[in-house]
Amino acid sequence: MAITAEQTLAFIRDFGDVIATNKDFLTQLDSDIGDGDHGINMNRGMRAVLAKLDSTNPPDISAIYRTTAMTLISTVGGASGPLYGTLFLQLGTATQGKAEISAKEWSEALTAAVHAVEARGKATLEDKTMIDALEPAITALSEAVADGADLEAALARAESSAEQGMKATIPLVARRGRASYLGERSAGHQDPGATSSWLLMGAAHRAFGNGTS
Amino acid sequence: MKKLINDPEAVVREELQGIEAAHGDLVRVSYDPYYIVRKDAPVQNKTAIISGGGSGHEPMHGGFVGVGMLDGACPGEVFTSPTPDQMAAATQAVSGGKGVLHIVKNYTGDVLNFEMAADMARADGIEVEAVVIDDDVAVKDSLYTAGRRGVGTTVLAEKITGAAAEAGASLSEVAELCRKVNANGRSMGMALTSCTVPAAGKPTFDLGEDEMEIGIGIHGEPGRERRKLASANEVAEMLAQPIVDDLPFRQGDRVLAFLNSMGGTPLIELYVVYQALDKYLRGRGLTIERNLIGPYITSLEMAGCSITLLRLDDELTRLWDAPVNTAGLRWGV
Amino acid sequence: MKKLINDPEAVVREELQGIEAAHGDLVRVSYDPYYIVRKDAPVQNKTAIISGGGSGHEPMHGGFVGVGMLDGACPGEVFTSPTPDQMAAATQAVSGGKGVLHIVKNYTGDVLNFEMAADMARADGIEVEAVVIDDDVAVKDSLYTAGRRGVGTTVLAEKITGAAAEAGASLSEVAELCRKVNANGRSMGMALTSCTVPAAGKPTFDLGEDEMEIGIGIHGEPGRERRKLASANEVAEMLAQPIVDDLPFRQGDRVLAFLNSMGGTPLIELYVVYQALDKYLRGRGLTIERNLIGPYITSLEMAGCSITLLRLDDELTRLWDAPVNTAGLRWGV
Amino acid sequence: MAITAEQTLAFIRDFGDVIATNKDFLTQLDSDIGDGDHGINMNRGMRAVLAKLDSTNPPDISAIYRTTAMTLISTVGGASGPLYGTLFLQLGTATQGKAEISAKEWSEALTAAVHAVEARGKATLEDKTMIDALEPAITALSEAVADGADLEAALARAESSAEQGMKATIPLVARRGRASYLGERSAGHQDPGATSSWLLMGAAHRAFGNGTS
């Protein structure tokens, strides 16, 4: 079985829910090394996304992603708005015209999306950004899919790689985003954007991993 | 959190309502999306200038919309960059056929959102140039990082480019002038207290009774170092020295000294700092030819100050002195 | 105590040094005794106006010295009335032969010291009139007490009388105008936090996280009542209602609305309060024809605000609009 | 024995000392119902007075009081500057031309001085001001002197009456000075100016009461 539009909706909704649950946590992380608004920003955006999805009922997977992207872009602001916006916009482009998506297609779409985020934000691994969670996740995901793992197993590996990448941001000195202004003082703190990206991979795992292949 | 607000979520909207009610003679306010433009926008055959950024820095930027300064400003949520749709709509609303300059403070969020907005405006056939202000010497400048933050020089750039645009300069001239201001301006700030983002409800960082943060930005970010509380004279030197060393300023240079309150520091303290700044700069062979003292680029109710020095030449001095009529800066009219 | 100062004892002197360094184009500063006068003082054949009071209210009064406003100002220690010798010396320094008006805020200390100063100046042959501003509706007015405090209306009186004096009005005309402004102006203030007098080193009063003081003055005095923290809309009404009821203002009256920060409250919050004030006054049938929003009569770093309403007529409006060139208020020049 | 110029100097110096010792206490009282500067004001003034007395060495009793008055007037500011200034100025006037002062003369001089303060400040008994300490003090002093008490006994009674008057300010609602702005809230606090006036009577007691008649 491949990923359906319904599962895609569940994925976005799940992401909205975990963002809401972790709003204060993300904001706290951002207070330590940023400006204390990442949870607030993402939650404002995802609430708007969920409302928009409810009111517009996008017809297919690509439309769901594009609606998510445009809503994030116009409601989040900050660094995370255009970056997550770019991610979802690219997912929308990669899934254009598809009623369902296979594990391989999902892995390729997500890879392209993360690369688009890298192109927009110019961050690379170990800059202490969301890339540190996303990049390991796509590597794990595509390797797992290449190894023939089922989607559940592949997504589990992606999620746990994202988690490792997120934790690996703790000792890093930030080179991108607001945390970079702190210089050495940014070390010893977990990056908020890497944390929300790990939550994103968790949402994908829960929504797509269940009995799909 | 003790603030004169109604609902943390409604602060920006209600602030805009206040600005509209108070300054309807100078500006028009759009609520969907949020932006503020000159009452007479778009001014035909004038290069337009917009800026924008998170709210919480008042009077910047909305208070600088008016004749001789900005054509428009886009307020984001508190300390959060506005979104591309706001900037694109504001660009449209001020465009008078000679192109639009985007003055962008160097924060990842602001830069990325303004980039998207410029793409959208260009798609609508409007010529757009963006100049990124990155004047904060507290941040190490490096190709491998996000670079320096944009802080106090932004206010000066908005005033000076606004004067040039009013006098008929083309988009490329105004953009070039903006780059010149940025190249000749440097800033550094410090905090005695944190500030509280309304939606967060508690201070962004904690500072002991005998501590201060040196090298803060304007978003309640912690600074480069935490130090024992120092005297006003010491603080003035701690901020001014890295600025003077960075540019580098030269003996005999004339400067505009902009001593800014972060919001919670009252004027009485700014003047105490100013006397120290004045002495320090004299000692370095610099002459303060113009000054600006007060809360102009704030960080909510944070206590603290920042210093910006802009190296002046006759052109910049003349444009600084040109008439301006905004809620936040006014002279000559 | 976290302040940008050097020595609590030296705050006023160093502040004066800062003002002198920053605004030498507008004013001259005397250090023995302390006073600030217009650069071109004494202006021959012009009625002169001085004011004075404790420091800690900046920009009032020193920031209002200049063309179109005050001829001189006498700063006392923080929150302490200046002394008669200062006022007498300033009176002498500004006297241009047409007499000198003393604008005095109604505090026992200010009134007594200005009385002594007027005696001294008259002994030197200078004609002096004093007008006492007492506009604070938070204080019950009574013959058996010290009466109402002088607060926000003082700023408006200094601007308006300054314009009249600049235009050639005689001492008695300027004094009469000052009484008219006082009769038509009313104020009320509130605090979210206390402030700390530098020499005292700790907050004058303590306020719980969920409390505010309604009816405070401008010296960190506790107010008339302590209340649970309320919303900006409620605060605007709590302050505006007793003002409107007191004057009494009438349906259709045009007013100048002066929304003042006590020092620590940033502009973003003032605008939120302003939208509420605007709505409230509309509901009472009043039209805001002019406004002034910002920190103009402060109480060190106290967070909070005050509202002053001045009933306008054509004369007051014209004088308000007249050019002014001071460090704290500037337009038309 | 009558009061000498030397004792007069001792009186002023003693007052300066107790003001210095009680500076924070006076300021605290003023924080409760005023603007928290009474101790600071009085101490600034008395330090200046002591310095001035040292540097100018006034020739007689009247000159000592006049120097004290002028220095207070030009350094204290606030309400207490002109009021204490007026008190000492009147003491200077009343002692003009006298090398020594008898108990009766001192009692009359102080009475005239307190009346001058009342004329300047327009406060009467129970307005919760310094008058509440000074007025009982002059009443007790003149009664004691009329009763033929010696200066030590008379000054002791004056000091304790001032103390009672000061304590009696606690329940009062202020009608003069800054405390009046508080209305009912001023009740329950001791008036700072009444407290410094009690200290003044203590200084007189110590300086003049010792072995004089």
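Each chain gets a letter, A, B, C and D, in the order it is written, and its residues are counted from 1.
To be clear about the criterion, a residue touches a chain if its C-beta (ideal position, glycine included) is under 8 Å from a C-beta of that chain, and two chains touch if they have at least 3 such contacts.
The shown structure was predicted, so the numbers you read here are calculated from the model rather than taken from an experiment.
J.: Centre to centre, using CA atoms, which chain is the farthest one from subunit B?
T.: Most distant chain from subunit B: D.
J.: Between subunit A and subunit D, what is the gap in Å from one C-alpha centre to the other?
T.: 76
J.: Quick check: how many Å separate the C-alpha centres of subunit A and subunit B?
T.: Computed from C-alpha means, the inter-chain centre distance equals 32 Å.
J.: If you average the Cα atoms of subunit B and of subunit C to get two centres, how far apart are those centres in Å?
T.: 29
J.: Indicate the residues of subunit C shared as contacts by at least two other chains.
T.: 78
J.: Let me make sure I understand the interfaces: which chain pairs count as touching?
T.: In this structure, the chains touch in these pairs: A-B, B-C, C-D.
J.: Taking the touch rule as given, give the residues of subunit A at its contact with subunit B in the complex, in rising order.
T.: Residues 27, 31, 33-37, 40-41, 44, 73-83, 120-121, 175-178, 180-183, 185 of subunit A touch subunit B in their complex.
J.: Which residues of subunit C touch subunit D once you look at their complex with the stated criterion?
T.: Per the stated touch rule, the residues are 33, 54, 76-85, 107-109, 112-113, 115-116, 136, 138-140, 144-146, 149, 197, 199-200, 204-205, 217, 219-222, 224-225.
J.: What residues of subunit C sit close enough to touch subunit B in their complex?
T.: 2-7, 11, 14-22, 55-56, 58-59, 63, 78, 192-193, 209, 212, 229, 231-233, 235, 263-276, 278, 288, 291, 293, 295, 298, 300-301, 303-305, 327, 330-333
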